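The same chain A turns up in both complexes below, where it pairs with chain B and then with chain C.
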Partner chain A sequence: MASEPLLRLQAYSQVRADGTPVLQDLSFELGRGEILGVVGESGSGKSQLLLGLLGLAMPGSRVSGSACFDGIELARAPEPVLRPLRGRKIAMLFQDPLLTWNPCLTLGSQLIETARLHLGSDSGTARAQVLQALAEAELPDAGMLLDRYPHEISGGMRQRALLAMSVLAKPALLLADEPTTALDPTTQRRVLARLASLRERGMSILLVTHDLGVVAEIADRVLVLQQGVIVEQGATAQLLRAPASAYARTLLDAARQMEGLPCLP
Partner chain B sequence: MTPAPPLLEARALGVRSPGRRFRAEPVELLRGVDLCVQQGQSLAVVGESGAGKTTLVRALLRLVRPSAGQVLVGGQDLAILSPQELREQRRLIQVVFQDPLASLNPALDVLTLVADPLRPGLRSPLTAALRERVVEQLSAVGLGSQYLSRRAGQLSGGQAQRVAIARALIAEPAMLICDEPVSALDLALRAQVLQLLDHLRHTRNLALLLVTHDLHAARLLCEHTLVLRRGAVVEQGATAALLTNPAADYTRALLGAMLSVDPGRAGSRSVS
Partner chain C sequence: MSRSLPRASLVLLGLLISAAVLVPWLSPHDYFTPDWDHTELPPQWSRGHLLGTDELGRDLLVRLMWSCRISLLVAGVASLISLVIGLAWGVTAGYFGGRVDSILMRVVDVLYSVPFTPFVIVLTVLFGRDLVLLFIAIGAVSWLDIARVTRAQTLGLKEREFIIAAEVAGLTPWAIMWRHIVPNLIGITLVCLTLTIPAVVTTEAFLSYLGLGAQSPLTSLGVMLADGAAQMRSRPLLLILPAVVLIALVHSCNRLGDALKDRHGL
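Moving on to the complex of A and B:
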């Protein structure tokens, strides 16, 4: 059924081995073709949420509640269930492309390996698929890019190529952890435009950021996390007009100050 | 009487670097950059990554040798100064770098770090008078004396950047050069640190050169703005005029790329 959300969390919690709660009682839904912004200060559990969904919570963590992805229960799911989902149905995009790419291999070999692994292509087909993915990401000179090592291209190109790799298998859900924080404004806008075009094609995106400008630009709805608890969730426009939580208000006031806008009443 | 020479001036400044590959052609990192900052004035240098913003800062401080043109501080060409004279000129212009946790030695305490510019070496005594001056500078950046014994590695990003500013101020410079001073900080802290810089500038009549890719920061802090692209100046002029009515397409593109949290404008602009 098309109206069924792609991802639904109910009372989802993560507790570390030493008993420290990381995420407490999260309940939210992510619709198909929707971008949900996840906002929160450092240490609020944003990244742990993304990792937890992939079954990569810290070793020894206890996960409770439910995280249902397209009819599959992710919470406490065993490896054989999770492995075929990772990279194919649920992909991850990290903040720092220099840390994500293997510095010793060319972009081409890493992209082609990904295509072979997730699409099961032979090497000739994989190469064609990679070139097409880079063209779709509007990266110039895709052929030349394949022979480059990650350090040889600019940070913006690295992140755009990484995004192309993340969505190579056309996953239904993209988990993006601060994907534009390290980029300058023009590149940031290109990456955001690409995310928006992926949404048009029905991809759902869970977008972790602390930049409300990014949220304002592309998120349909926003969820505010503080110390592992959801303190606010709702439509983006609503949050920008009248944030309910103190944290969202602080962030918004700071952002408005930077823009020279008056603080909200 | 002739007017006083500008505090900092660059004339047709160029910097060249050897190519990245063996025997490659040299790369022009900066070409023909002219800029001028008078006593107490502020100039923003904006541009994308790779535009040459940091190279420009390094050339202005003579941390790299320009391949063309001149840098004049108070009318004196830095190229012809003796090392002692250069040292004195450098005291006049202090720098605050992007990442305070990288520019401050994490093993040293705040007292040692901030007092450093006034001591001939780390073994020279930390006198009570020196300590007094450190406390004074820390309070100017909003930090109490309880921070004196903290090590840089124990500070948060915002606190560390305040310490870096205090260290720059203690040398009583005529000018601060801030290279992306807030881009490593949490967004909630950025406005605070920029406001601190603005306040210090006005209370101490400091000149400011702010390197940033954030046009909002340029608008908040600087009377003049210079747009740099691929090592060359695209345009420069009064910030208000440049941001409301840019002459160059490139400046317009940079402006168009800025995100807004204003509910009326958010998400309404397209990619350029």
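Moving on to the complex of A and C:
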């Protein structure tokens, strides 16, 4: 990669308040316009990595090492430095869209709130911006969607609208935490296509998942995490074809047994 | 859980509230002018005193309705005061947690330990007997429960994903509390309110009975109970009527609150 990577972690570790290590000695880079898949079983610290980068690790946990985002040191950065980054430069997409929307407010009011917060627009412009973002996400009936409550629309729509909200401010980095796990295959495909098109526009994506099919389809590089330690990382095709570590092989075998790994590049 | 609301209680409550609101326009009589020609009348329809008159010739029904009005007014205002303080206090404590939580909730504990009646007596000694004082005194005490309940709910809510998502999206704590936590507490605060109102009505009646609340000629359920108790041997109706109204009011509010509580699965 010629240019400076967008995100570079060096010996990044996270330790819980009671001393249990969550992440140990992580070092990796994420280039601009690149999708890095992070795989590993539940409890391997994938989600904690994402929250930790935003300074929202569990209360009392200690962070060491370095996590440099676009020239800003994220590890141990104080709240006033981190908050303006959240949502604007670094956005996050969650697994379950029903839980991630506030059930008491319409999609519109939450989307417009985000637009006003990050784009600083007045409510009229914010509405237009939201409609445009929904149109870009190829969501039909965007105007009607704004008046709906989260429980009134389908799970797929919820997640796609959520993705539209996450990237509303055109962040440089999207942290996606199992974004397709709760979706049916068709919607999964739509969301992945949208992520790919965001990559075309130069957005970097850190894609946490346990679905190797998703990784095979979209990630440029893969990082395998086992109990908070990187056991292997490399280009997707190479890693999936010839995993070097025993753990990656186990994951691959498990995935193959479940469904047969689709579309290996 | 969709237990239906107790219809009888709703109807009763509706009747009492509309009587309280409409009383100035309902009857030619008022609650304070003595009528020396018609004192101590028994209930009779012909002269327009449906429930009779008291020892000063004031219409009993009108006085009952005015009592409802004052009692509900005190209850409404005091509950509103306690709702605002309690909600703000509880959400702040629950959301920030840690030291803020400890300090705020210790204050609540200390206030809980203040004995209520002596506190009100001291207040009346200091500031004189005044209805506004009654609002403040009751409101200052009854927000404690609401603060505790909303704090507990906030503790649960702030672990929910949409609150974490709001944090991740860069919202300030105030925006998260006001926009994302408070709207999710509406159900529970409504329940709290329906249970606070009858408690306040009882408290008000108790204070007025002791002469610390509404002052004559202004009436309230407590004042009427005190008047009636003085003559209960000769004219039991003067005691029974306000007692029945008080029970109806408190009971229907409580039934409604309980039903709402079940509905929200608390």
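Operating definition for what follows: the second predicted complex is superposed on the first by the 254 of 265 C-alpha atoms of A that agree within 3 Å, B and C clash if a C-alpha of one lies under 4 Å from a C-alpha of the other, contacts with A are read in each partner's own complex, and residues count from 1 in each chain.
Operating definition for what follows: a residue touches a chain if its C-beta (ideal position, glycine included) is under 8 Å from a C-beta of that chain, and two chains touch if they have at least 3 such contacts.
Keep in mind that this is a model prediction, so the values were computed, not measured.
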| message | Applying the document's definition of touch, where does A:G87 land relative to chain B and chain C: first, second, both, or neither? | response | second
| field | First, second, both or neither for A:C104, with chain B first and chain C second | value | second
| query | Which holds for A:E4: it touches chain B only (first), chain C only (second), both, or neither? | reply | neither
| message | Applying the document's definition of touch, where does A:L56 land relative to chain B and chain C: first, second, both, or neither? | response | second
| message | If we overlay the two complexes on their shared chain A, which of chain B and chain C does A:D147 touch? Say first, second, both or neither. | response | neither
| Does chain B (first) or chain C (second) touch A:V214, or do both, or does neither? | first
| More residues of chain A are touched by which partner: chain B or chain C? | B
| request: Determine, under the contact definition given at the top, whether A:E73 touches first (chain B), second (chain C), both, or neither. | output: neither
| Partner chain in contact with A:R256 - chain B first, chain C second, else both or neither | first
| message | Taking the touch rule as given, give the residues of chain C at its contact with chain A in the complex, in rising order. | response | 97-98, 160-162, 164-172, 175, 179-180, 183-184, 186
| said: Help me check something: in the complex, which residues belonging to chain A touch chain C? | reply: 51, 54, 56, 59, 83-88, 91-92, 94, 96, 99-105, 113-114, 117-118, 165
| message | Show me the residue ranges of chain A that touch chain B in the complex, using the header's touch definition. | response | 41-42, 154-156, 184-190, 193, 210-218, 236-237, 240-241, 250-252, 254-261
| remark: Touching chain A in the complex, chain B uses residues 48-50, 186-192, 194-195, 213-217, 219-220, 253-254, 256-263, 266-267, 271-272
